[in-house]
Every structure is written in C-alpha cells, then in structure tokens.
Amino acid sequence: MGAVTSTMNYQQVLEQIAEEIARTPGRGRSADYIPALATRDPRAFGMAVAELDGTVHGVGEWREAFSAQSITKVFTLALDLAHEGDELWEHVGREPSGNPFNSLVQLEYENGIPRNPFINAGALVVTDRLHTRTGDAAGGLLRLLRAESGNPDLGFDLAVAGSEAARGDRNAALGHFMASYGNIDNPVPLLLDQYFRQCSVTASCADLALAATLLARHGVRADGTRLLTRSQAKQVNAVMLTCGTYDAAGEFAHRVGLPGKSGVGGGIIAVVPGRCALCVWSPGLDERGNSVAGVAALDLFTTLTGLSVF
Amino acid sequence: MGAVTSTMNYQQVLEQIAEEIARTPGRGRSADYIPALATRDPRAFGMAVAELDGTVHGVGEWREAFSAQSITKVFTLALDLAHEGDELWEHVGREPSGNPFNSLVQLEYENGIPRNPFINAGALVVTDRLHTRTGDAAGGLLRLLRAESGNPDLGFDLAVAGSEAARGDRNAALGHFMASYGNIDNPVPLLLDQYFRQCSVTASCADLALAATLLARHGVRADGTRLLTRSQAKQVNAVMLTCGTYDAAGEFAHRVGLPGKSGVGGGIIAVVPGRCALCVWSPGLDERGNSVAGVAALDLFTTLTGLSVF
Amino acid sequence: MGAVTSTMNYQQVLEQIAEEIARTPGRGRSADYIPALATRDPRAFGMAVAELDGTVHGVGEWREAFSAQSITKVFTLALDLAHEGDELWEHVGREPSGNPFNSLVQLEYENGIPRNPFINAGALVVTDRLHTRTGDAAGGLLRLLRAESGNPDLGFDLAVAGSEAARGDRNAALGHFMASYGNIDNPVPLLLDQYFRQCSVTASCADLALAATLLARHGVRADGTRLLTRSQAKQVNAVMLTCGTYDAAGEFAHRVGLPGKSGVGGGIIAVVPGRCALCVWSPGLDERGNSVAGVAALDLFTTLTGLSVF
Amino acid sequence: MGAVTSTMNYQQVLEQIAEEIARTPGRGRSADYIPALATRDPRAFGMAVAELDGTVHGVGEWREAFSAQSITKVFTLALDLAHEGDELWEHVGREPSGNPFNSLVQLEYENGIPRNPFINAGALVVTDRLHTRTGDAAGGLLRLLRAESGNPDLGFDLAVAGSEAARGDRNAALGHFMASYGNIDNPVPLLLDQYFRQCSVTASCADLALAATLLARHGVRADGTRLLTRSQAKQVNAVMLTCGTYDAAGEFAHRVGLPGKSGVGGGIIAVVPGRCALCVWSPGLDERGNSVAGVAALDLFTTLTGLSVF
C-alpha cells in the first residue's frame, strides 16, 4: 500500500471510474429468476466510498435502493460471530467451495457441514444459529443495517422475499439435507422464511458502504461500541476475500485484491481494512453471478488508488 | 495496517515467537513418504524475516537447509508469468480447489484445466509451459533462487528428486491425464523429471525469505530490475493467499492473513506486500500437509506486529 | 436353464434352504432408524415360492407380516408404467446408480433426473407421476397388492409411515431438489405422505411372492387380465436385476442371478420369468441394506434348482 | 423363455433381422479416434449365431474381420478367473459404474479399485493380474480365441495397437493412478502394451460368436474341457449383463435382456445361457459407444425368438 497518500480525493477517483465505466459497452444481464430483479436496467450504475468517520462520497445512482441479496450474508455472519464466537466454525467451514454457490455435492462429501458461510448452505446454517440464539435473525439484521447506515428507512421487500420463497425448492433441499445431518435446529420452513427476508433487504450504495465500515474499523460500530473482536473482524474479512464472490473468488482477489461480497441484485461491497469501505451497484451480471460493471469499477479503484491488500 | 510502526524490531519479535513456540507441546509429524523428509526432527524450528533492502533477521535454525518442495511453485509461477503473461491463465485457473492437492476429480470436471497453479496438476502445467519456453525450467528456477537469495550454493537434492520419481505414479497419472486433454506439451517422463528436480531444491529460511522479497517488492528483483509487472506480482500474491496452503487456505487466511505458500518439507514463506517477506521452517506437519509450528509462528507474527492484510 | 426338471419339488428345496440357513451363525443387524424395524429379531426367517397358478410353498415364518418398504417400489413402478408407458423414462433413467441409494450427487450431475426408479429419488418421481395420473398413488398400490396376493387384510402401518416422516429430511431434500429442476409435479409434503405410506405396507412372504408372480407371468394379473405389456414386464424385470439391491446389484446378479428387489424391512422378492416368484424375509441386514440370510437363501435356491437366468 | 421351440430356424430369423435393419435409415458414426476404425463404413452389417455344438448361422458380412476392441475383455476376464478365481474380486469390483467407461472420479472415491472388469481401469487390472500369472496376457488371449473360434488365422492388428498407444494418455493416467494405490503390479508401459495388443484382435462375427459359446456352455470349451466352473461362467455372464455396454447397460438389459459386451469397433457379442451365442457387427456407434444397428439387431432377435433372460 506504499503509493497511498493520506489525503486521497475519493470523489475524484469515483468520477474517473464512472466515466470509464460509461465508455464500456457490454454489461451482462440482470438476474431474471424473480420479477423484481429482472426489471432493473443492467446498465444502471452507482458507487460509494465511506470513510471510517462516516463521510460518504458517491457517483451515479449511489443513493438508489436495490436488492442487497447475498451482501447481507456478511452482516448475518458478523451478528452470529458476535453471539456465539468460534463455536460457529464447528458447523460451517472457512474454505472456498470450488463449486457453484448452491451445490449439494460438497455437502454430501462433508456430511452436512457447508464449506463456508457465503454459499447458500452456509448462510442457512448461520441464519439458523443466529435465529436460535436471538429468536429473530431477520429482525436483528435489519436493526444492525439501519444503525450502521444511519438510515432508519431500510426495510425488507416482502414481494422479493415472496418471489424467492415461491421458487425456493433448491434452498429447501439444502435445508432439509443439512437437517438430515443434524446441522439445522429450526424447522426448515421457518428457517427459509427468515433467510428470504434477510436476502430481500433493500438498500443503496451509500447505506451499504457505511454499514461495511464496521469491518474497515476492525469490528467497531458507528457509535463507537465494539461488535466484533479484532480477530473476528479479521475472520470476516478473510472469508470475504477467499469466498465472497461465488466461484470467482480467485479472480476477484487477482483483479481487485480486497475483501468483497457480491449479490445477485448487482451490488458488491468491498473493505479496505483501516481505511474505508465501498459499495458499487450495477444489475448486469456475468455468468458467475457477479456484477460486470461492479467488478470492473472495483478493479479500477484499486488500480487508481493502490488500495489493494496485495 | 494502522498499528504498524516504521521502526519495527523484527529480531525482538522473532525471539518472542521462538520462545512461545518452544513452550508448545504438540508439533505434528514429519512427512514420511520419502526417506530424506522422514528423518528430519519434527520439532526443529527456524524463522527469518527479510526486509526489502535485503536485511535479514533470524531465529533458531534459520540458516539450516531443508527441502523447499512446493514453496518452489511460487517462483516457477513467477518465471512463467514473466515469460508468457496472461496467456498462462487459459491453461490453469486461479480459483481455490476445494479438494486435496492432487485430486483428479476436479481435473475431470474441468476438462484437464487445473484449478490453480499450486495444486500438483497446476504446477505441472506451469512447469511444462516454462520448459517449452526456456528449454530448462528447473535450471531457470535454480538461477532465480540463487540470484534472489544471494546464495550461489543453492542446489537440487537429486536423492530427494529420485525418491519422488520412484513413487511418482500419482503425478504421472496427473500428467498423462492432462496430456489426454491436450494441456501438456512435453513428454510426461521429461516433465516429471523437471518437476521433481524443482521440488528438490534445498534452501534455508534466510534464502527463501530473501527470495520472497521479490513479491514484497511487487515484482522487482534484488538487483533492481523488474521481473514481474506490479499487476503480475499482485496476481502471484493473490494466488498465494487463496490457494497457498492446500485445503487449508481459508483457515490460513483467517489465522495469518498473509499471502503464503507451504511445502511438505515443513517450510512456509509469507509476504507482507511493501514491507517484508518471511520464511519459517519446522518439519512436523498437520493432516493437511502444513507445518504445525510454522502456521503458529506466522499467526503469532501477525498478532504481534499487526502486519496482516486484513 | 437346462438342468431344470418340470416337476420340481419346491417344498423340499425350501426346507433344505431353511436347514442350511439355521446353521449359519452371523445374520447382520436389523434396521434401527425407526422403532418398528429395530425391534424385529434379526434371526427371524421365512421364505415362500409362488407358482404361476397361485400355488404357494413356504418355510419358517412365511406367513408373518413384515414391513415391505422398498419392495413396494416394484409395484408402484408397474402401476405407473401401465398408466403412462414409456413417457416415464424421460423423467427417470434405467441405469444402475453406482452410488448409495439416496445420493444427491448423481441427481445434481444429471439435472434432477434420477438414474433409476429404485433409488429413493427415482421412486419419488414414480410416485409423483402415478399420483398425478390417479389422484391416489398409495391407495392404488394397496389395491393392487391386495388383489394379487388375494389377501384383503393387507394394509399400511401408519405408525411406520409416521416414524419415517418424522425423520424424512433426506427424502424431503430429494423431493425439493428435483422440484427445483421441474421434475416433481405435486407439493413435496403431499408427495412424501404418499411415499411413506407406500413404504409402510405390511405383508408376508406368501403375500409378496404371490404379488410378484405378476412379473413371472410377464405382466398378466392373477385374474388373467393384463396389467403390463410383455415388453413392460421385461423392463421391470431388467430394472430389478440391474438396480434392485441398492449398491450391491452386481454382486446380487453374480450370486443369485435373478431379478430381485430388497427392502430395509429385511424382505427380498425375486422373479424366475415364466416359472415362479419368491419372497424371503430375515430382518438382519448387511452394510448395504440387504437381508444377509435373504441373499444367502436366494443364492442357495438358484444353486439347488439351477433356476438362474445366467 | 416359454415361447422357444426346440427347432428354432436361426437362419430365417437372421435374414428377417437383416432385412429390417437394411430398411433403417440412421446408423450412427464410426469411431474416429484412430484411422483404422474411422475408415469403416458405418452402414456395414453382419450377424452370426453359434449353437452349442459349433454350428454357425450368418447373414450379411458375418465373415468380415473387424477390430474386436473391448469384446476381448470378456475373454481376458475368463482367463484370469480361471487362473486365480475369486481373489480377483478383491482387486476389481462387480458393480455397474454409473459413469462413463474411463472415468477417474470413481477410482479416486474407491481408492484405486475399479468398479468392474469392463471399464478401462478394470480391464487394465485384469490384464495386469493375468500377465503376472502367465507372463503373456495378450498371447494367452489370442490362443484362447483361436482355439474357441477354430480359426488359427486370428491375430493382432499392430497398426491398431500402435494407434491406440500413440493416443494412450488416458489409459496411462488410469494405470499410473491405480499403481499409486498399489493395485497394478507390472510397469505401466509394459501393461499398456499388453492391453492395446489385446484390444487390437481382429475377428469376424462367426469367430466371436463361436468363442462366446464358451459362456453359453457355462464354461466348457469347444474341445469339451472345462475352463471355468459353472459359478464362474455365471459370474462372467452376470457382469456382461450389468456392465457390458458402458453407461447403457440398463437400457441394453431393457431392450435386449441378454448378457452382452460391445466394442468401439462396432461389434457386440451376446449369450443365451444354455442355448447359443451371437455376434453382430456394424461400425456406426451411438453417443455411448455402442453399435446402433447392433443393438437394434439384438433387440429384434430377442423379440422374434423370445430368447431373453427376462
């Protein structure tokens, strides 16, 4: 990180990125498996950088709300780690999956223990455990995101949650399968309801960049209290870097070199430990489910600023 | 990396680590599949830190030579990237494998393209391509390691190479299998000879820490010339972080949080980009093939210095 | 089949088998995953041969009712084939699975099409399709078995069905998983109810041997009407031979050489096309879920009579 | 087998089959991976039936020599069983593979023990063991085939063997992989030489139908001496039925209902235990490597004669 100056002009960097992205022709396709995602323009684009003190810079549609989807898995993981600590790692692994994000093959080989908390199976386990401990996994997530983003209007999109539930057979299969190994405590239908509500959170780049500063501050919340130990924050960042972008984590580490987490709504958050957090949004996805313009924008960000961990 | 002071006393840190390690009872088992490895004391321990300017600090048996084994894969990868650039990535992937390091299953699913350059299959492809381009893959590796370590006595241990060859059926299977997909250019027996010689390089913690500063300097060699572009150096570091410790890359990222590469001889190198490089050695391995005391020592190093990328 | 005489004395053969089995020490373990099965004595033994005209010979506890379990899959398959014919084979394969009987791995590789109708996933598909066509899959099965066995008292054991449902997560996972590929029409909970009721049928060796003469008569029912075409009956027999004993079909073909189907209740039916049908029962199972004494008894039967298809 | 008359007119049946086949339009593609196979006309067709006493009936190009390929695996298996008996089954399984015929995946899961003797890996093990016991596996096979067919001119096609060796990386991978598990005794290059020579045997439908009567006679050779026990002959027939046509064994059992073994040269042998043996040849293959017209002709044969085992 030698090239970084302390007075970096994030706004200028964001505008340079937006210009470059605007010149790029291809942009992938919006997720089309539920109506709410399919209707978003694949070329929409927004990006925000939040500094540790809560200052936010943005460009494009950085205040536009979108479906956070799997990005929320980072925060559910943080909440559960805060509640139960390392015991979680006996029920979900910390290794990249080497398989697409909802594969049952791996689960069968490893007796119902998902490889990491960001594949769907792993996120179900984390939600299950958090729900057992708090009685309200989805509600707790929403409270955390509202507090960290400073946006009390953040909410679930129950139409999205309903659409997911209506086509939720794959996740139901994962849930029942892990339950058959004793790795799920709650009834599967109840668990799925919690899970789909979490995924349906609607938030903007500004909201999510601010929320992600939790991890840039090594686990300290916006109000100065500590949610995670420094070691736990490091764990979450490490899992983001190695497992945060489905089957493309290696390529993401190559190109971007930051802990990051993507969602099929087209959003990606990224963390520069000790410096800032980012969120970029553009609904057009590549064939592995990551935002095409989003990855390109983060690539440009680390190239322009030198803010990569490598 | 906020907590790092610019005048860090590496020597003091190393001594503190060595004391703590000395108090640790368990230490794993030395690799026993070839005689040269089986005879090493699992409790031997050495560690070195090399700064960017070539200053080296060490503790324990940091000048004792050991079998570098898979650590050499980092340098073969660097050499081939320097020769052919991104074309390599069409023949070997950049994703964590999610499987033990010599699995054929993954190769079959992905039509002979190994998932990354650090599983055995991927290292065979890299060696094959470097050999096609230079006519002397093993020789080129040795020249690079001698130059970067400043130690002209570094050499192959042909007894080790011979032992590996004598039990090389698994690697022969990998080579022929990829050849059946057209992903190997040289005759398999010739390729195996190059590969086993590379793995047999004997070097000390001091030697390998110095050599690894190549990656801490973002691709600049000890003599000031550039071997890799900054982007290529970032690629190598990213692959080390996500794939460098076999099936334990996720856990290594958690605990250590640095790009690293282990070998079954008990060595591990690690890189702090822009700051320094490390090598630790202790022959006792865990069940995934990584040095038990080595991982613990690196964990202590990042805890004591705050020098983790997360 | 050259050595067979037309006036075979089945009763004598059965008694010879029973004597030999009584001398055998080991007998496996009763299935213990639900109470109703766990309480059966693993050393209980009964065997019946039914001739094409309905004459039945028996030995041991051949009139004792037991849980038919997967044996019923043969008759559900016959019913569905009678209703929809070859269209079924577009939704379930006819190949041995090469994997344990409830594996999800295979399903994922083949996009939700189970390999054959006797693995659990395949039986769920057959039940689903039969239920869609008749509105009462389990009821239809019961009517068929009552008619072919001539025993109007055959019934479901709802305690067994309930126990299965209470631990039905694995089958629920299979059902939802195939539904995610569009290969299940009915709601999964409804399908599971039908499925578990079918498996719970309680019948004796005499009942099931008589019912299986349907297949020895190449598809003609006990009342002389035809349920299956000759070609369909051949299909069912072929699937029994290649897939009827879970992951031990090859060994069963070796040792016994007859189309057969086992259940975890300890029963096995077997068919000698054009000659007779058999049912043997002994609750002690081997590690692949087949009755130890049952397989041994069928092996003796073909050795003593020469009535193997090979 | 009730419908069979003792004075069946095989010649008439064969001519009826040939007429029907001639009217069929599609015919698949000849194997194209080696020149000697690629040049055969996919529409060529011949078929022969050999009775137990050596009488042979034929139609079409039934005296034309073709490359026997995997059909020879049946006879190598018979020879090895005759030499070592059931010990073989500790080194190769008897279960259908559920995977394409040269998959390494299965081998890895089962620690180097191939699932059955007819997948390539299993045939390599059988050849290896026969060669260890006799010092001349390929020579022994040729002597057996010459004796049973009564054709002293049967021989290897060394051009075919050479072509196979030149593209033998997949089989070399299989051999080395099993050697790494200790399941291969001979040096892999020597084993491959034996294996490719065996596959290269050139013979006609008449020759192979006559040779296969060995199995129709339950192990008795043409000269009246016994090669296999009745039980061993049953074992070979059972393996043919369950594993003889690669990944289409289930469908073959459905349609044909006879023990059979196909080869990529376009030949298929089939056995009617106690009655006769058949060989059909037509080079056009389906996507699973079985002769399209060959399977159709055998299907017609069992339909016309009722000579199916089911």
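The letters A, B, C and D name the chains in turn, as written, and every chain counts its residues from 1.
Rule of thumb we're sticking to: contacts are C-beta pairs under 8 Å (C-beta built on N, C-alpha and C of every residue); 3 or more make two chains touch, one makes a residue touch a chain.
Which protein is which chain? UniProt says A, B, C, D = Glutaminase.
Keep in mind that what you see is a predicted model, and the values were worked out from it rather than measured.
Novice: Would you identify the chain whose Cα-based centre sits farthest away from the centre of chain A (Glutaminase)?
Specialist: Farthest by centroid: D.
Novice: If you average the Cα atoms of chain A (Glutaminase) and of chain C (Glutaminase) to get two centres, how far apart are those centres in Å?
Specialist: One centre to the other, that is 49 Å.
Novice: In whole angstrom, what separates the CA-based centres of chain A (Glutaminase) and chain B (Glutaminase)?
Specialist: The mean C-alpha positions of chain A (Glutaminase) and chain B (Glutaminase) differ by 31 Å.
Novice: Can you check how far apart chain B (Glutaminase) and chain C (Glutaminase) are, centre to centre, with Cα atoms defining each centre and the answer in Å?
Specialist: Using C-alpha averages as centres, the distance is 56 Å.
Novice: Can you give me every chain pair that touches, using the contact definition above?
Specialist: A-B, A-C, B-D, C-D
Novice: Which chain A (Glutaminase) residues qualify as touching chain B (Glutaminase) in the complex?
Specialist: 1-2, 93-99, 106, 115-116, 233-235, 237-239, 241-243, 247-251, 253-254, 257, 259, 273-274, 308-310
Novice: Quick check: in the complex, which residue numbers of chain B (Glutaminase) touch chain D (Glutaminase)?
Specialist: The touching residues are 103-105, 107-108, 167, 169-170, 172-177, 179-180, 188.
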